[in-house]
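Here chain A shows up in two complexes: once beside chain B, once beside chain C.
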Partner chain A sequence: MTSPIHDSPVVLPEENAPSKRNDKERRLTISGVIAWIVALIFFAPIFWIFLAALKTDNTILAYPPKFIFTPTLENFAALITKPNVGLYFFNSVFLSVGSVAIAIVVSYLAAYSFSRFKPAGTDFLMFLLLSTRFVPAAAFVIPFFQLFGILNFKDSYVGLLIFYVMFSVPFSVWILKGFIDGVSQRFDETGLVNGASRAHVIFKVVLPQVKPGLVAAFVFNIIFVWNEFLFNFQLGGRNTSTIPVALFTSLYDGGATNWPYVASLGTAYVLPLAILIFFFQKYLLVGMTFGTVRGEV
Partner chain B sequence: MADVRIEGISKYFGDFGAVKEVSTVFEEGTVTVLLGPSGCGKTTLMRMIVGLETPTTGSVMIGDTDVTRVPTNKRQIGMVFQYPVIYRGTTVARNLELPLIAAKMDSSARKKRIDEMAEIIGLTDVLETNVDRLDNAGRQKVAVAREVARQPEVLLFDEPITNVDLTSKLELKRSLKQLFTELRQTIIYVTHDQTEAMSLADKIALMNTGRIVQLDAPRVVYDRPDDVFAGWFLGSPGMNFLRTGFVVEGSSLHSPLLASPISVGAEAQHATTMGIRPEQLTASLEEQPDHVRAEIVDKAITIGGRMLLGVKVQDLEIKAVVEHDIGKNASSSIWIKLPRENLHLFDAHDRKIEAGLQSVG
Partner chain C sequence: MSEAAAPAASALALSGVFKGYGSTQVLENCTMSVNSGDFYVVSGAPSSGKSVLLRIVLGLEPADAGTVHLGGKDVTSDGPQERHVGYVPQSFALFPNKSVRENILYPMRLDKVGKVEMQETLDRVCELLAIEDLLDKRPDQLSGGQKQRTAIARGLAKQTDFFVLDDPLVGLDFKLRERLIDDLKATRSALGVTFLYSTSDSLESLLLASRVGVLADGGISEEGDLDEVYDNPQTASSMQALGFPSANLVDGDVRSVGSSKMCSTVLGDVEVSGDVAPGPVLVGIRSEHVQVGTAREGAISCSATLMFTEDVGGSEILYLEVDGVPMSTVLGSGSEALAAIGSGSVNIAVDPTSFVLFDPVSRTRVGQGVQHG
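And now, the complex of A and B:
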């Protein structure tokens, strides 16, 4: 008599594996191709700007577009000699790096307090903090315009720094609280028992353990502030314009769009951020998930 | 080195009293183990001593200083937590050194202290090893050595070997025992594991529902439990308790479990519970004087080569731990005797009644 085990159909994994593997490979190839197509579509405008920056004025708008041409750095040379371009760059770098740096210090301390001391209503406060970012920015433009007028903050670095710090704090607190929650309170307590001050615990014991969170918060907010247009346009001015605003306000030159200027400034604007993102892309996921998905960081 | 005195200390989280009106003294140079089930308040009590929790009422004194309002970092206490807290990414020696640098000790003295500590706790071979490469037991040793090296007035341990795997547990326990013996420090050690408590403690402070129910030498807590809880919590399995099946008439105690009545003091009148440890009754395969016949209702192997039986006399069922030979060869019944000196009586509040039982024999 045969045992029921022998009667039942046996699936040998070895026999089945190759076709399964082929299926899987095919699926991967197809999704790879789709990903490339999507990426190229999204990348096309940036590619166009890059190419345009290397073309002469009359080849930029040529139809059909020229893909084979003699590249020139003339546009960049012209860009440097343009008045104010240096100032726009300085403003962009200073406002984004400065405000995000301040925001991170403030957020780290706030996140530490929320995580460790859990003041009454922590959850609500955390929600409130984030809710400022739920509201469409356009809704804030008029109140801020008036507020900045009253405070005499218009076209001032202090005013814009404060605004961008406020802009960067919510996400940073969320990201950093997630990270600090992940550091056991026993570290703080051991530090205190060992005779360290609270400040020592905050900066020497906990901070080194949440470095990836600090980087994530920094990268994530730099992107926001670097790309911010609306409020710089409304609250800034001649002295504090950043590159996005400059791209818009100095678009016209001599009655027509100055394409070489737009293309070269646009390229110079995109490049630093593109490089930053290339090196720190893994931290972006952390930022977008408020530190709940940490992957390899 | 100093003693720790706590006076009327309580901690309430909302309505929940984690620690209720505890007053006690942890003597200088003594290892006191705070023992109790999970949630009995032992960790909260310890955290109040170190200053990580603020007491709702009461005070903490270390030596002659009232430290109730002194911040943790000024209290001169060392503490080892359940999970090893170490400075990652650096060597064992560096871990031990950091607090000493903070304490502004000069480098030759630091070196000497670190070597001494490593020697006592068995870290000499790994001093230059990165702590990340040690297992949990090794890391916990580092945490212990770091706290001890600072030479605080008092050392606290919060279940330090709970999260160490079984094989390393014994070794770590042995290291701690040796350390405690050599240090003669004031040590307060929290655990829920009675074998750990029995082997490490000079004194056991048994806690239940926020109070210390008994503070005595381990053997005393085991042999003379002050209340039903102490009898039940210590021992594996815990004490047998009989709410019925015995009567006190005048100065004698009658029970079907006893071959003949035994004499007791007058206080025994108030007894509502009789207790006997399963391992403290005597058993025999053959009829013996003063023994009663007990029917075997359940058999199970216990550790240590002895056997745990469930036995029944009339309708009174108790647990009995007997020699393995007796357990194995017994068919349906054995003969048991409850020695007078091992009997315990408790009143309606579950507190011990002396009744002169333990004084004889």
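And now, the complex of A and C:
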């Protein structure tokens, strides 16, 4: 076997070097193939939804499944004519982007305070913050349901925005505190000594240095809120339903599951998030490690 | 605590400053004064509280007690923004998202300095620190020395006449440090401003300072013009802090002999003067006052064992032992005395007038050696 790389006259120990390299290449190829298979298994349900969205009603559930078919966009055309679909999209985008944007601002300021002023019991407070995520959401659906009833927040944007902000703050504070801790206080002090206000230090000195953390917190929480079902179902209503709830509540049509609707709405729902994650996936690692791993960002 | 304004020529006056963290008291009744135009070096061992002292001057930490006057004005309760002090922090703290130019312009942008003046100042500090070519680079493209010079340039770009430099040359290589020492001295005199500078390096103190304050045991144990403090140290800690290599401290014992007092040390007996009571004392002798070779007239001499030597470029430090007591001296490389030294035993001589006596407990000066009358 001749090496594709070395065509120099240097005599290599022909038996050894190339075969070692081939071994290594083979191992890499095998692990690559395995990785692809695993990834495809994970991707299969999404792939099914994508395909189903392009099929006609009677081919969606055909058995055996049809992989060769004439794709059609009529499901999407039908989707647009459905009442309220536009509203569901607006609600999903507005509630997730709106609440996460507010949450990031609040969390950034909180994280800055925790990092710099270290109020008494900072560690415990940080623990308490995250503790809301220890409890299964179902455990506090009822208290929230009652609270929203009393406050007249049910099926209101304000109520849901407040809820999702609260939902997004803890994790964001954790991510951002890790980042701000990594910015030396000498930067703050250099600003202050030179006449900067605290606000200037927070937004002009420290913020530019923790941009990856802000993006990570944003992406993470968008995923959470975009996919949130339980509370939107319980606390929302006709006016504030997001797509996950709409998918569930309008699943049935004329006594049977309306698969073309589910598939096309599901596809339209997954796509924006998939694109967002594809472009910002490196920040997910940052988020999952609370800012302690950020070499590549 | 006096609320009276400090004298007009005073750039900085600290009075009775206390600062502690938990059970650790860092500064205790610390008092110091810096005059306008001084290159004032706060010299002290690592973790003696130099940075804390500077942070209190800058307003970054509140003092537990005491007052801070800047330019005669009481700024004790003012925030750092109101003190108008130029600052070069120990770590570079260059904004990574800004170019070198923007880093240097930063203090002036905050002060809303006019465009023309801004450009003039930029040109001036860049020329002083030889960083004109780096202006468009980002801090992560700079070497350690370039970062340091940029940080110094940014500190100096502040439109003020009082600058705080917190050990800015620490960790730099010897050559670069030497150059920056010259640059800093030239810069201070070119601008006619006041520098408050901290370092734990005695060589830096000696090369830079016009005035020096020795920080030891939570306070400025001694301050004054460099020459004065160097030649007539009033405390053992300032004698040790200022000197390269560090001054020798040996045990002595004072006794009365007739109307005079004698101090005996491993080097020999020396007549001493001053308000010194019979009993144990600490005797300080600067390394350069320990001569190698035959004794001159009036000097006391003894035999010492040469332990090892250290070449520090241009001169050589000799580490000796006299009856088990370590001593050091310094000789010029290539000097006759150095060439004459074999191995093992050498003869050393010390002029009695170079003996400085300190109380062993308070470590304050109690007397000095005199020439045998």
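Keep in mind that, in the parts below, the second predicted complex is superposed on the first by the 269 of 297 C-alpha atoms of A that agree within 3 Å, B and C clash if a C-alpha of one lies under 4 Å from a C-alpha of the other, contacts with A are read in each partner's own complex, and residues count from 1 in each chain.
To be clear about the criterion, contacts are C-beta pairs under 8 Å (C-beta built on N, C-alpha and C of every residue); 3 or more make two chains touch, one makes a residue touch a chain.
What you see is a predicted model; the values in this text were computed from it and never measured.
Overlap between chain B and chain C is detected when the two structures are superposed via chain A.
In the superposition on chain A, A:Leu192 contacts both chain B and chain C. Looking at the superposition, the partner that touches the larger set of chain A residues, chain B or chain C, turns out to be C. Using the contact criterion defined above for the overlaid structures, shared-chain residue A:Ser184 touches chain B and also reaches chain C.
Note: residues 184, 186-187, 189-190, 192-197 of chain A belong to the chain B contact set and to the chain C contact set alike, using the contact criterion stated above.
Residue ranges of chain C in contact with chain A, taken from their complex: 55, 58-60, 79-81, 83-85, 87, 89-91, 93, 95-97, 106-107, 110-111, 154, 158. Residues 184, 186-187, 189-197, 200, 205, 208-209 of chain A touch chain C in their complex. Contact residues of chain A toward chain B in the complex are 184, 186-187, 189-190, 192-197.
Within the complex formed with chain A, the residues of chain B that make contact are 50-52, 71-75, 77-79, 81-83, 85, 99, 102-103, 143, 146-147, 150.
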